[in-house]
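Only one structure is covered here, and it is reproduced in the block below.
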Amino acid sequence: MSRTVVLGVIGSDAHVVGITILEQAFSAAGFTVINLGVQSSQTEFAEAAVTHDAEAVLVSSLYGHAEQDCQGFHDVLEDHGVDAVTYIGGNLSVGQGDFEQTRETFEALGFDRVFDAETGPEEAIAALKRDLHITTTEHERATVTT
Amino acid sequence: MSRTVVLGVIGSDAHVVGITILEQAFSAAGFTVINLGVQSSQTEFAEAAVTHDAEAVLVSSLYGHAEQDCQGFHDVLEDHGVDAVTYIGGNLSVGQGDFEQTRETFEALGFDRVFDAETGPEEAIAALKRDLHITTTEHERATVTT
Amino acid sequence: MIRDERIPSEQLQRIDEELRAGWPTGQAVDFEEAIRYHESLPAHKRFADVLETADQPLLQPRAGVPRLEDQIELLRYLHGEGEADLLPTTIDSYTRDNEYAKAQEGLENARESGTDTLNGFPAVNHGIDGCRALIDSVDAPIEVRHGTPDARLLAAITFAGGFQSFEGGPISYNIPYTKRHDLATTIEHWQFVDRLAGAYTERGVRINREPFGPLTGTLVPPSIAITVMVLEGLLAATQGVRSLTLGYGQVGNVVQDVAALRALRSLGEEYLPDEVCVTTVFHEWMGGFPPDEARANGVISLGGMTAAIARPDKVITKSPQEFQGVPTKEANAAGLRTTRQIIDMALEQQIDIDGIEDEQALIERETHALMESVFDHGDGDVARGTIQAFDAGALDVPFAPSDSARGAVLPARDDDGRVRILEFGDLAMDDDIREVHAARLARRAETEGRKQSFRMVADDVDAISDGRLIGRPNGGGNRAD
Amino acid sequence: MIRDERIPSEQLQRIDEELRAGWPTGQAVDFEEAIRYHESLPAHKRFADVLETADQPLLQPRAGVPRLEDQIELLRYLHGEGEADLLPTTIDSYTRDNEYAKAQEGLENARESGTDTLNGFPAVNHGIDGCRALIDSVDAPIEVRHGTPDARLLAAITFAGGFQSFEGGPISYNIPYTKRHDLATTIEHWQFVDRLAGAYTERGVRINREPFGPLTGTLVPPSIAITVMVLEGLLAATQGVRSLTLGYGQVGNVVQDVAALRALRSLGEEYLPDEVCVTTVFHEWMGGFPPDEARANGVISLGGMTAAIARPDKVITKSPQEFQGVPTKEANAAGLRTTRQIIDMALEQQIDIDGIEDEQALIERETHALMESVFDHGDGDVARGTIQAFDAGALDVPFAPSDSARGAVLPARDDDGRVRILEFGDLAMDDDIREVHAARLARRAETEGRKQSFRMVADDVDAISDGRLIGRPNGGGNRAD
């Protein structure tokens, strides 16, 4: 059975190109991708994760308001009973910030992994496979069945 | 009477373009310029200053060895009995040094003024006129008589 | 249903009053007093005049920070150290969403903590006095740049606040910038903005309007961008706008970019009424940048070089820190000076490249087809035609996040790096044109020994940030090292 | 009197032994053992092969620091972070003057104090072992770059030390680099260097030789540079050199630069014997740089753009810190990556500019005239002809500090920014050619409403560092701000 991930851009951010590439890459790697598109609210992420029984929630943010947009996000997930791996990636701070600090900020907000904009999809896919204990064989099966 | 300056590039430095421009500018400003050209030794500067009874000695150095090349220069001038204003300009240190430090180094070596490579000829001419107490009228006369 | 007709003055006034009641700073707007303020501005702060009389491309950066004093300092720096000819004030994202309360919170936060969590200048919150303090403190014309679908209050306040140029439009600030705004509503909102600009114009204060040409910034085929520019231009002209700057974002192929800028100018002149003064603006590469300042400087310089050849009226520069986040003022000024240097070195040279005319002819043919389809869809009415054409997919924008566009068009580069269309969807281009694109892309596929697919598109999206123009398999490289 | 004839082996050996006795590290040279060392090097360190088989322009920076470990680290950095294809080792100024004792002092100073007062790598002092430690530690081909009129010992040691490429030549490392060396002597000295390279070549170790194309780096008319390149190529070929890279320094006008690089290649092939493999190298702007890294990046990028169009085999890059002094390794790598980005973005595009053929034809005509005059002056002998032509001013280099050149030629830019000749002195160019130059310069003078004079030349010398190509009065500016 294919593993399901929910993907979207949070807040009022409209940068769509990154998730378009991610959707394609995660699909090609055998995942079922529920793409919420841009400008998705915390609730939309949570509801989609429930509806589709997602194992991972992938949040994208490019425009520099990620920190505000993610305040309380993990509470909302918990309220909906979502127990998925959560990743966030993109340009997470305003300006030329230091990434290690950004990582800490978002880990403190509850994200399991934090990626910068230099991350290629492959890296995130590899990490998710590790986190979901997906072996290559299972992955390959997944690729075939989707 | 026109004021005489000795101009040259010291050491084994061959960067000639700067002094070509300087020669032209100082001449146009009414000075008599004795241009020694590139790769001139300390002694050549001193002897020319004596021969032409120069009021100023203008040393140029671009290639980054100025400090070594100017060691003892003011002793040599003194030995020859030269009592002229001395300027040095160009790229005076190897690498991306801080100019204030460079200025101190060359002032300590005895130069009256130290110029960086951003100096346009006008600036040096204005300074020399001040140092030699040349009034505009005298300068204008000079321009006419040369 | 909405039509391309001038808003009657009573209606203008009524909406204006309603709007201004929506946020405290709105109350202070007084049109007559605003006209007097504009009239008091010196010639070198009159945006339209400065732009329209320049004899070489003027440079303008993007820049906006939340606090007034910081914005003043930033713009002075960009004018002084960056040698910018024209200045921007980029608005924050909350304001773009009309969330003035959140913007207020962000602004107060910034004032207290000294760190900026807003990504721009909340002009509505600063109000007329704040805007004028900025205009008064900076010695060059300043434009409002934003990305706001409903920019009516922003326009009312910034126009009264002394700004004489305003970016955006109903399509270009909808389709690339939002998901859920429908086109009918954004057209209506922008008719108001344009009518307001028109009202100032009639009183001798020519507000310059600048539709946002780059759209999604990502491999947008020139004819699509130009069509949107002309449509927004027509809508604006109807409302009385007389100074229009049509935009175009660099795709990176010099011949195509020069051809597109020429086509933009000639089509703008062809479609827009004579009383409108049309100028053009070239945006340095708007897609993903390399994560490396040195490489970014190469991208920026290719833009400068292209501008020197095409000679648009204005160039919007990028900074070498584009990849990372909002640039420092130093980096922003550096992007300006790098661009200036290469433009000034190349501008006086005669550089006539072969093939520009052909490419321009193709772009014009495509644009004519799209425009015709819009007119058809609207029975001659541009507003209706725009809505219906987008609805039908006859007009479309690649990578559009908006529900109002099909987003079915997929672009890819041909073997020479020019942007072509791989998937047309229902785009209103006839078979002849489609064949030209197909042939060009087939040649590339052949060169690369692979099929045309989304993989190719994705590779092209990443190519420039990965260091090349065309997304060849394995980076295109038989590199020697 | 000296002639263009191959040095007989006994003489080669005798000079070699004499020379090597001159400094302790010279003793260690053993030709047979050196051949074995070269044979042991992997393919990717063989300079000539790597350069000659590349399918796009290879990039090479300039770089040299006194201490071995620092030089290793520097080159590794430029190869890794700078993505350089080919590496340099720039020699210090004392070595260039054959002042090995002073270089030794500088080196020891550097080792003790940790601060560098030498402006390069004193390869003679490092000796064969030091050189090989460098070659072994770095994973790319490395060239010796210097500026030494008498480079015989340097060549003997660096060739034996494993370097397979050596810059310079009897004219190009004399005229721009020194005051008092006479040409007859430098030709004799470089015949030795070339003969040594030839001796290695005959044993299968093809040492690449690269005459220094930019000369004084300051507004050098292309035909003068190309003539010097061809002459040095001919002298080298006589001595058995089979891998020759002819150089040219950017003047900043794209059409003229592309034309010059094409002319360089075609004239190189025309004049040099078939058994010589001719490649070309383009030097990014070698004149005065702007005192601003951002602007310097624009200058560098114009060079990259030109290289993408002209496609030389190699490009020598500049760093944004060129104005100030020897660049940090980061800045040096940045110059490489900026160049790489713009080249790679432009390389796959077809950019055919009008007027290149005409300009190339003019350059070739001028070069033919100069070459013919050299042959005439030497009664067919290139060595004698070179000496006599320079003596007569029939061949001349602008801004030459050397007593061996008249330095009577004065260049200035025409209205399009191409470098023309204002004062010919006795340069061997016929009236037809002179008229072409005069007409171009007259047009510029007219545009500027002033006379042709040294003032114009001085303005052109400063123009690029002041931010433009042509030294117009008052900076050329009706700039809008």
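Think of it as A, B, C and D in the order they're written, each chain with its own count starting at 1.
What we mean here is this: a residue touches a chain if its C-beta (ideal position, glycine included) is under 8 Å from a C-beta of that chain, and two chains touch if they have at least 3 such contacts.
Not measured: the values here are computed from a predicted model.
Peer 1: Take the average of all CA coordinates in chain B, do the same for chain C, and state the distance between these two points in whole angstrom.
Peer 2: Chain centres of chain B and chain C, defined by C-alpha means, are spaced 54 Å apart.
Peer 1: So how far apart, in whole Å, are chain C and chain D when each is placed at the average of its C-alpha atoms?
Peer 2: Roughly 45 Å separates the two chain centres.
Peer 1: CA centre of chain A versus CA centre of chain B: separation in Å?
Peer 2: Those two chain centres are 66 Å apart.
Peer 1: Given which chains touch which, is the overall layout a line, a ring, a star, complete, or other?
Peer 2: Shape = line; chains linked end to end, path left open.
Peer 1: Who touches whom among the chains?
Peer 2: A-C, B-D, C-D
Peer 1: Would you mind writing out the residues of chain C in touch with chain D in their complex?
Peer 2: Going through chain C, the ones touching chain D are 44, 50, 53-56, 58, 79, 83-85, 140, 252-255, 290, 292-302, 304-305, 333-342, 344-346, 348-355, 415-417, 464, 467-470, 476, 478-481.
Peer 1: So in the complex, the part of chain A that touches chain C is made up of which residues?
Peer 2: Of all residues in chain A, those touching chain C are 11-17, 20-21, 24-25, 37-39, 63-65, 67-68, 91, 93-97, 117-118.
Peer 1: What residues on chain C touch chain A, complex-wise?
Peer 2: The touching residues are 93-94, 96-97, 106, 116-119, 176-180, 216, 218, 287-288, 291, 321, 323-328, 331, 399-401, 454, 458, 461-462.
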